[in-house]
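In the two complexes that follow, chain A is the common piece, with chain B as its partner first and chain C second.
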Partner chain A sequence: MEIAKLALRNLTRQKKRTLLLGGAVAFGLMIVTVINGFAAAFVKNVSENFANLAAGHVFVEGVEKSATGKEISIVHDDNAIMKAALEAKIPAKYITKRSSFQSTLLYAGKTAQLQVSGVDFASETFLPDRLVFKQGGIEGMDDRQGVIISEPIAKRLGVEPGDRILVQMKTYTGQQNVGEFAVAGITFDAGIFGNMSGYANKSYVNELLNLASDDYQAVGFYLPSLEGMDKYGADLRAALKEKVQVFEKNTATNENPIRAMMESSKKETWVGTKYRVFTLNDMLSQVQQIVNVLNTVSLIILIILFVIIMVGITNTFRIIMYERIREIGTMRSMGMQRGEVRNLFLFEALFLALGGAVAGLVLASIAMGIVSLVNFGLDTPLFIILKNGHMTFRVEFWRTLLDVVIVAVLTLLAAWLPAKNAAKLDPAVALRTAK
Partner chain B sequence: MKRIAIALFLAASASLLAAAGPDFKSMLKAVDEMGDFGKQDFSAVYSIVTEKPGENPSTTEIQIYRRDVQNQFVILINKPEKQKGQGYLKIDDNVWFFDPESGNFSHSTIKENIQNSQAKNSDFKKHTFSEDYEISSTAAGKLGAFETWILDLKARTNEVSYQHVRLTIRKDKSVPLKEEDYSVSEKLMRTVLYLPTYVEAAGKLIPAKIKMIDELNKGEQSVLTISNVRVGALPDSNFTKAFLSRAQ
Partner chain C sequence: MVIVELQNVRKVYPLGKVEVEAVKGVSFSIEKGDFISIAGPSGSGKTTILNMIGCVDRPTAGTVLIADKATKDLTDKALTTLRHETLGFIFQSFNLIPVLNVRENIEFPLLLGKSRLQKKEKEEWIDYLIEEVGLSQWKNHRSNELSGGQRQRVAIARALVTKPSIVLADEPTANLDSVTGEQILELMKKINREMQTTFIFSTHDAKIVNIADHVIRLSDGLVTENLRKGEHVTASQVGLDTAEGGRV
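And then the complex of A and B:
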């Protein structure tokens, strides 16, 4: 205990040096904490924004195989899905039943690609609240052929609300079809994914797809939060499997689970409808890979920064040792043991690391707080990684604790050699050393 | 008296046959057979000139290898230089696209357009009108100097690209002059004009020039000109992925 007190006192003796060394430690930890905070929030924000775009967290898609082996996406009868959802106790806030197609929009010699989702606006009451209109509005969807497009698509085509545009697409069996949309509303640029998506009335989308009015292609269960979606997905798959044919989810490889299911279905043959159950996490497995890369990068940055800082700490502690050489000689001649001298230096290094770490976390909190106050707006391509236009950060306790432990261990390692050398000093030699 | 009766019977039969009109099913089959080389392989070069409003015309040159008996084809892009080496391979119902830049094959479909043109992969395989469509109505007409039959065809299944095709066929030969492709919603999407100059190969007439007009994007059209037509055995190795990946 006395050694620890002595170590603290020694640190306050050279305030400027302590501040510089502690500052270096603080800076390193601040950078790493901000990167980790961004990476953790990145997944959450992307997932939440994607949940809005995809209209759900857990999805079931019906697939039929035609006589020629072509896969057809369709749900004729969803009784089994709804019963399975009840059995799996899916806490769905909303259930979305959508049809969609990839299309080319044509207007006055200009074209644009658009993924059109057929929405039942009477049941998807949450959607109008989520769309931020620049021109027109949801009331335009009273026109059965109404369509909501994003600002970049509208600009590309040169259209305004009320204009009628041709839509070229394929029916659910792959036949060429052409329809006509009336622009009902133009939304703010919703980032790279939002840009490519538009909304139309499901009844008209079904007509263009050549589907019956009650049919659809995929059902989405909107959960109260992102938590537990994989469990609910697994439970739903298990419950549905007892009633109808369900595609297996292969988790053995690193391949995207949805792509793996699609690849395997190409080789399979079946009669009737077979269902794919997947979650938002399955759709965003690549995002998780980005986060893993970010985490690895931040760890490498932490280690590089601290290797540089360690060289500084080692040199500084060697200087400290020579500065205090006669003091060490006095303490040793008064009965202080070699181990206590070594511990004195190590305690100083540990307090330096912990002090720097605390300062680094405080600085990181301030930096993250300031950045999160900036409103990037809703019309930014960064939309997908933001939350309501703001960049958010999520500091994970165990990850931060690990970083602090790494900082402490590296600092102790840096101080180890000078501490060992100080402990090895002969008291008589130390006392007669002239500085 | 007996002779008169026979002559009357033959005259009545002939007039009945004439009143019944031609056998349109056979006519449609003959159109398909005109481009079917059966057990012989077929190869040709197509130059495709595509025009779009406000853009300079672009030229694509492709080499085709076809083995109709096994339902296989290879399309190899020779021009433009940027796309040189790209190609398609069709074996049964599978179509692969090869990109030499990545060195990878990806799944494609016969409904995909060649480059930026109005021509689809399926335009380079043999016609299968008689398999894919049934005749819903017929009429006589005239196109330019040619007396024609106009056949309205309705798709037998809902997997054929166009639900409705109107085919204008020469009366003197079973050769199409015009094909109009309609969407499910009955909107005219594409007109294909088979210009009446022909290349003869293995006793078949192949239109030397085909004009494809995009009816939705006004002003967009592609003109296909055929050359280097050869009918005869091709090496089996031509219809493999290895051939496509080597042929740059």
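And then the complex of A and C:
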């Protein structure tokens, strides 16, 4: 370990040079840590925000097949689902039973598309807290025909709270139908996902869909956290399968799991209601893909940055070897073995990498800390990736460790050749060489 | 007792397409405990011979025996170990390690290889050496804070720390003024007497050879005089057919 100590001292020789190289290492690792931190938080924030929009983490949807082969989404009787949920020990904070339809809104000759969720506001007591109103408010929903829309849709139609708008949609069996909504509230721009959806009273939505008033289409179980949703989904599917017909989850393909379930149900025929169990993760499999891309990109950035840094390290260590050639000769003559000379340089490189890595992580924490202090507000299209209007970062231990190891290995690799050359030096030649 | 023996040693350096014969067939032997001077003008082959005795270089032809071991047959690793265990080095330009202080510089050779010394024993030994070379006040200073003479004293202590049987000094006084140079030689001589360490130093300064027990004069890669106090051996008597023989 004495050689390690000497290596550490050697780094203090040319402080500027050490700072420059260490700084380059630190910068590289900082960039990558920030990207990774963003990617990890991105998935979490999107999932949490989406869980709020979709009102759940684990969902069950009932599907019937009509005589004409059309699929109808409906849950007539949820006894089996609720029993299965109990058996699967789903720790639901809320259970949301919603109906929904895709509609066209019309007002004064202007139109807009809206995904309308029929909500039972009496039971979904948490929803009003989540909605941030720009105009109007939840009181407007006392009107059975009330609707809550987002700001971009309201702008597009040119409506204000109190205005009544025409809605065109199809009943659950596919007949055209029209109704009338009264604008109750307008929420802040909630990003691409949020903009397209609006809330109406379930009783009115059911009426428009031509469903019985206590029928609905899908039930969502809102879990305390994102953790374990896939397991609960699988448990619920297994428990439900004992009682009713359930679609299998096709795990063989790596395409979107929900789309896969839809595809397979098209080919099947069945009688009565068959149930589809899916999770938020299934719905957001694309988000995970985005994150995978981000992580791959950051890894590529890390490697590109470090290939550049490696060139610098290799050159610097060549210079160092030349500068210390007489010292190498001296140490060799005093009995230092070739391997020890090599290790001396490799230790220097390793300490440089580790020092730079620590500095990089500190810099990354500072950078992430500052960015996460910025309040982007709630009325931003970024909403879906933010947490309460703030950008957040999640530094994952193993990923960070991997980055540090990559940095250390690449630095050692860069120093390897000069270190080996230093070790190979003939002591007589090294001693003779004048600096 | 003979500790170093050179038998018809030649050293040829490749220099581009030509070859330089730096040592042209040299034989002599060195007695353990002697204070030996290898003297000769610049380019006469002093460094080349010291390097071969010091096991940092191997002869092109002939045999170099260090404590009865022929260096030619040894691997780099074995040579390094031999250097560590048997030899100490003092250089013309001191060659201290700049990031280490006086004490650490002296200790450095003990950190290499397997140390047989206990910690306490080691500390005492280093303190003794620092005292011996008169640097007790300077223990914690780095080499750039020392004068040339002081640096060479550190180098002497460092060369002795592994208790080598032979210390090699290639022109140890060449970078020092004559008074300091003389002091350094006196110090080496004193240690030579006290510790019975064999010292071999080279010089191009004819005046300082009288301090030696044994003087080997070189000229152009050949021994021109080989004189040990109390005996007188000419080049021809040691079997050098290429030498002119007799005193120079």
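By our rule, the second predicted complex is superposed on the first by the 435 of 435 C-alpha atoms of A that agree within 3 Å, B and C clash if a C-alpha of one lies under 4 Å from a C-alpha of the other, contacts with A are read in each partner's own complex, and residues count from 1 in each chain.
As a convention for this text, contacts are C-beta pairs under 8 Å (C-beta built on N, C-alpha and C of every residue); 3 or more make two chains touch, one makes a residue touch a chain.
This structure is a prediction, so every number in the text was calculated from the model and none was measured.
Chemist: Put the two structures on top of each other at chain A: do chain B and chain C fit, or clash?
Modeler: Verdict on chain A: chain B and chain C fit.
Chemist: On the superposed three-chain arrangement, identify whether chain B or chain C touches more chain A residues.
Modeler: It is C that touches the greater number of chain A residues.
Chemist: Could you tell me if A:Pro427 is touching chain B, chain C, both of them or neither one (first, second, both, neither)?
Modeler: second
Chemist: Contacts for A:Gly179 in the overlay, against chain B (first) and chain C (second): which applies, first, second, both or neither?
Modeler: The answer is first: A:Gly179 touches chain B but not chain C.
Chemist: Looking at A:Asn10 after the superposition, I want to know if it touches chain B, chain C, both of them or none. Which is it: first, second, both, neither?
Modeler: In the superposition, A:Asn10 contacts chain C only.
Chemist: A:Arg326 contacts which: chain B (first), chain C (second), both, neither?
Modeler: The answer is second: A:Arg326 touches chain C but not chain B.
Chemist: With both complexes superposed on chain A, which partner does A:Met334 reach: first (chain B), second (chain C), both or neither?
Modeler: Only chain C; A:Met334 stays clear of chain B.
Chemist: One more residue to check, A:Thr171. First (chain B), second (chain C), both or neither?
Modeler: first
Chemist: Between chain B and chain C, report the minimum C-alpha distance in the superposition, expressed in whole angstrom.
Modeler: In this superposition, no C-alpha atom of chain B lies closer than 69 Å to one of chain C.
Chemist: With the touch criterion stated at the top, can you tell me which chain A residues are shared between the chain B interface and the chain C interface?
Modeler: none
Chemist: Touching chain B in the complex: which residues of chain A?
Modeler: 66-70, 106, 109, 111, 166, 168, 171, 173-179, 208, 210
Chemist: Which residues of chain A touch chain C in the complex?
Modeler: Where chain A meets chain C, its residues are 2-3, 6, 9-10, 12-13, 326-327, 329-338, 340, 426-428, 431-432.
Chemist: If you look only at chain C, which of its residues touch chain A in the complex?
Modeler: Of all residues in chain C, those touching chain A are 47, 51, 54, 56-57, 76-77, 80-81, 83-85, 87, 89, 91, 93, 95, 97-100, 108-109, 111-113, 158, 162.
Chemist: Once bound in the complex, which stretches of chain B touch chain A?
Modeler: Touching chain A: residues 53-54, 93, 109, 111, 155, 157-163, 181, 183-185, 187, 189, 216-219 of chain B.
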